[in-house]
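In the part that follows, the structures are each spelled out as structure tokens.
Okay, so subunit A shows up in both of these, paired with subunit B first and subunit C after.
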Partner chain A sequence: MLKEGDIRIPAGCAISAIIDKTGKRFSGNDIIQSIALMHERSNGLGGGFAAYGIYPEYKDLFALHIFYDNLAIKMKTEEYLSKHFEIASAGNIPTRKVASVKNKPLIWRYFVRPRIYIVQDGYLDEEEFTKRCVIRINKEYKGAYVFSSGKNMGTFKGVGYPEDIGDFFMLDTYDAHLWTAHGRFPTNTPGWWGGAHPFTMLNWSIVHNGEISSYDANRRFVEMYGYKCTLQTDTEVITYLFDLLIRKHGLPIEKAITVLAAPLWDEIARKSPELKKELTALRTVYSSALINGPFSIILGFDKGMVALNDRIKLRSLVAAQKGSKTYVASEESSIRVICPEPDKVWSPKGGEPVIVYLDGKGAKKREELC
Partner chain B sequence: MLNFNMPRYEIIRNEKKCINCKVCAKQCANEVHSYDEADNIMRADEALCVNCHRCVLLCPTKALTVKKYPLEFKENANWTAEAMNEIYKQAETGGVLLTSMGNPKPFPIYWDKMLLNASQVTNPSIDPLREPMEIKTFIGRNPDKLEFDGKGKLITKMPPKLELNAPIMFSAMSYGSISKNAHESLARAAAELGIYYNTGEGGLNKEFYKYGKNTIVQVASGRFGIDKKYLNTGAAIEIKIGQGAKPGIGGHLPGAKVDEDVSATRMIPEGSDAISPAPHHDIYSIEDLRQLIYSLKEVTGYKKPVFVKIAAVHNAAAIASGIARAGADAIVIDGFRGGTGAAPARVRDNVGIPIELALAAIDQRLREEGIRNSVSLIIAGSIRNSADIVKAVALGADAVYIASAALIAMGCHMCHSCMGGKCNWGIATQKANLVKRLNPDIMYKRLVNLVSAWNHEIQEILGGMGINAIDSLRGNRFMLRGIGLNDKELEILGIKYAGEAI
Partner chain C sequence: MITINAKNIHYRALNDSIDKAVRTSKNIKLTDVCGQRYIGRGLDENIKIKIYGTPGNDTAAYMDGAELEIFGSAQDALANTMNRGKIIVHGHCGDTAGYAMRGGEIYVEGSVGYRVGIHMKEYRDLKPVIVVGGAAGDFLGEYMAGGAIILLGLGLSKNERITGRFCATGMHGGAIYLYGGTDAFNLGKEAAEVKLTNSDKEFLKKHVKAYAKHFNKNLSAVKVNNFKKYAALNKNPYENMYCKN
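Entry: the complex of A and B
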């Protein structure tokens, strides 16, 4: 059976996230409980989490989480890594024995810094350099897969139900200010750990529920800009779209969202002339970045979190607020299980994002746009 | 001299139905039918018939049928009747064989070897009757990226673009090759549909300047009818380098079709043959093309997109890349099945490549070079229906041009005889008595109907795929699967075989 990357595998899913905008950190217990409630939305073939703020002691280093199929590929990959990075620390990612989690690969973690001369001599910044190295390993080192590459954040994922994966990675022992989670219901999968979600690139992480019908249009668009979609998943291409629009092209995050879940032409026609001009420019220049078909996604990044539905809301997504915490999930019940009485609960409209910036980190200090 | 050619068609007249009303005789500009007073019977000179169906359809008692002439040569797979008849003709005249409309030979039609996808279970199909379904399309250049100032205000200046209510435009057909009434029908239909029609290389009749904002004005090697006012009247300008029906050679308009009005519009003497030079004599290389593009932009104040149209030839991908880099706002590729008002048969039937392969190769090449998003890609050359359009967009086209289909909507029956100027349907003729048969009030409506019908079908198919904006179909080759294609064809088209998973 072909694994993810050799074939495209549609999947349905459950997603959930919790963020504390003050930056206060909390353990993974809540997020595990929240995603566990949606057990029925997964089928045991993939679960995962992204956590932000978990490595304060290494916050200036890229944290690479890597799956290896065997020791030989580990040695080969480490040779490549040490050629391009100074490795400040390396080791196994600690795990706990969980009966239902089987066939685990070698799971390693490295805190690294790009070798200074490489960044200085070239005209790449360290993000772009690290991104290219990650893409290179994932494309060319068969049996090695970098599944997390950001700073002060990390992804934990594998084949199994999400609550079991959370237990396996001992997420109760980590503290983060933002947790996102994903339970997967793929239509078919060989059970490859790398194929589980979240998908991450540098500080971006995406959990996604849906099957986008614009996939190949989006893929062929981002591949013009040096990305290589090795996994053929929606999540991968959506991550690259965010990276391209926000990091590479420097679009403000609200504008990037306008591109991905663009307003209808009918709506644009009703706007003021100036806004009309701007929206038309965004929709035409980035028409191939429009994401079509059903999706609800939660994007984690260093400044906060964005949750977004497709523009005609073909997937469920509920949001809630309690104090400084914002919750989003596929189902309201999985918010209420950890936060029984939120101050506010709402169902964001199609294409209208829930944006939460960490205090003091956003360009504009605002909680949400909806 | 004895004519070695047998008639191509047999005219069967049902004597019981015929009432000798002479309508057929009046309708046939080829003078096939005549009334024999002595015998009180209608007769036909079948050798003159081009099989345009005019008499058949107008016969009030439906007494007429036209059939392929039954005379057969001794069976020969190599020396076919066509091959022999062409030799008889050339031996008689010493001339180049002339023909019209698109390549009729049985080359593969790749549109018919590609199948489309639809949503089932894992994502929902969308119902265009109940949900928004967007097929609005923009044509023009894009900046590499958009920039905003600190306050979030857009600072990037957008290049001029055409806004189309559907990814469809009427392709270039010159006034001269087709009639004034045909032009008027196209112009009015384009205006009503919110799309564009193309003047072709014959200039623009003064009466039609009022449709300027739905007009693309063409600049070809003959430079017929071009002045500053003409260029500024259109919404966009198209430089015609080549045409799918006759790559490598210029346009042909027989002097017989150059009447007073055509002569004034083209700015050439009445009755003179209008033969455009094969190349533009100011374009012998890609850098020369850049100069013409920018001359046209200068004269129109950088307010209008400039298209460059080429025929689909072997090296089309590299040429298209050069055109994009030369500054064109849109590249137009015309496939080898594209129609024409007159072309040498040998060129039409043997030069150029299928539009499907050219489109796939060009779109892929522009992406590999990272410049696909900066330029629009329009294709032409025998788009027959809405499914062809959906497949073209999925392969990577922004929009399509239709011309043969538009003429068929106005009554063309594909008799391949436009060059004679005796079009019984009032399309490819300048004879006043024939032109008036084409009523623009009716024909523009038929064009509007055709494009509207196709729009509905495109929306239906898009919805089935779970897509609600045509933007998400563009270049989305996962939506296509090949059938009856070899590995090389699949590779060039960039699609998988039917039965292969996503």
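Entry: the complex of A and C
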């Protein structure tokens, strides 16, 4: 079979998410039902979920989810892991037999803590150290893919319809305060386990419907800062952009969003002088981080969730609210199937984010760039 | 009247049941609809369907005379390439409603999404009309070639605009009527405001009245003189890009 990058298969996708801002956790049943309703938007070549709040007993450790093609690469990778991390726990990620899910790789999970002396010697913080190790494995250990590396969160993905992948990973047995989901209709490339959404780095996860026309400009930009795009798919670069802008450069979420989906120049011209100056500065400094092309994305992170469309809304996105829960999805029916009577339903405008912070997490002030 | 419960039924099976039902009854009621696509596709005159729930994308695609009344909201691409017929939506509506619509009428109680009326067209007696109670997203009437779009702008908050950006971009036919008008910077380069004629006013009166009737609203405060009309500057702006015919 031709792999990613060798063949182009054009098409569309489905995304969905549910967050309870109080931090109350609920099982994966609802998100599976929501994404399953959009079955027609997928084609069985990729499905996946990100879940936040699932590992409270290991909340201070990085949870590495890794696909291995064979035992030899597993042993080689584990040697690297134990050199760099204390491994508190390791094991298979439990799965259930699902007839339609085939050719599964070895799927392992490790709860790890960076070895302190290495971190200290490198003048790195734990996050940066772990990120570098993840990139090293994905780049140099052929046949091993770290597909999840955050704390108290995890990604579950594979080749299949999302509802089957959810069943396969037994997501009904996990409880999370934020679930995101993706059904893939391979955009341009064939499906493989590592290439399914969500794409994650540390606590950031992205599910994406669309196509990033500016991929190469964005890729060159993040690679200047030590990231390496190894998965042959455009969505990966969005994850790294968020990690770079927010974790490394310290931009608040709202400003990172005006970088990725920057207002058009004629709109900037109509703003107040102060805002005009700020928006012009952001567009100028981060011109290579502007994402062009049709997209709707959902970003999950430790403090909450962001849903965002491209500036001229070339992909659909609907949002709804009921009590402390916020829902977003490609179609309104996928929200109503699990929440028939929301308090409020709306269609976010192009470039206008839906941002939900967990209670007490949004107030934290960061030094602003402008 | 035949009632079909659509709960957990795949769109193909549901549309097959509708096709079968219309052979014996012209009045159909669908309950528990949730995301099933293509309901009413290609259906012809005298068929009336009441839809309860949220019908899926491409509802009424290629519809040819039937009447759909949706008690809920519609998703994307409602009335895609519809020929004739009528759709009443007791709710709001997603993006690209009336996509390449060629005839018939759509009444939406609330607001509509992006690119509504994109490439609508008219031919002889076929003249599509979209009437929206609230506001519309960006690119309203993009590449519009015929027919009419009427926005009433009812119940908008102070910060809400009746249209988004790029309204009437690429327009080369038909008319857009906006209650109170839109900001100049939201209007595309290919259209301009033109004077309301008496026949425009009659046309507007007729459709405002129909809207009020469908949604049981008192619209005596809506004065047709407050509509602004927008039309194409050029009937065939792209002719030089292709072979002349």
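Heads up, the rule we're going with is that the second predicted complex is superposed on the first by the 347 of 370 C-alpha atoms of A that agree within 3 Å, B and C clash if a C-alpha of one lies under 4 Å from a C-alpha of the other, contacts with A are read in each partner's own complex, and residues count from 1 in each chain.
Everything that follows uses one rule, which is that a contact is a pair of C-beta atoms (placed from the backbone, for glycine too) under 8 Å apart; a residue touches a chain by one contact, two chains touch by 3 or more.
Please read all numbers here as calculations on a predicted model, not as lab measurements.
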item: Partner chain(s) touched by A:A262 [first = subunit B, second = subunit C, both, neither]; value: first
item: Subunit C versus subunit B, contacts on subunit A by residue; value: B
item: Subunit B versus subunit C as contact partner of A:K277, first or second or both or neither; value: first
item: Partner chain in contact with A:L37 - subunit B first, subunit C second, else both or neither; value: second
item: First (subunit B), second (subunit C), both or neither touched by A:M224; value: first
item: Partner chain(s) touched by A:I312 [first = subunit B, second = subunit C, both, neither]; value: both
item: Which of subunit B and subunit C A:V285 touches, first, second, both or neither; value: first
item: Shared subunit A surface residues [contacts with subunit B and with subunit C]; value: 266, 312
item: Residues of subunit A touching subunit C in the complex; value: 37-38, 40, 266-267, 270, 312-313, 316, 318, 331-334, 336-337, 345, 347, 349-350
item: In the complex, subunit C residues that touch subunit A; value: 11, 34-35, 37, 53-54, 56-57, 73, 75-76, 92, 94-95, 113-114, 137-139, 164-166, 185
item: Subunit B partner contacts - residues on subunit A that touch it in the complex; value: 7-8, 10-12, 187, 210-218, 220-221, 223-225, 248-252, 254-255, 262, 264-266, 277-278, 280-288, 290-294, 311-312, 314
item: Residue ranges of subunit B in contact with subunit A within the complex; value: 119, 122-124, 126, 131-132, 134, 136, 138, 140, 142-143, 145-148, 152-154, 156, 158, 161, 367, 370, 372-373, 465-469, 471-479, 501-502
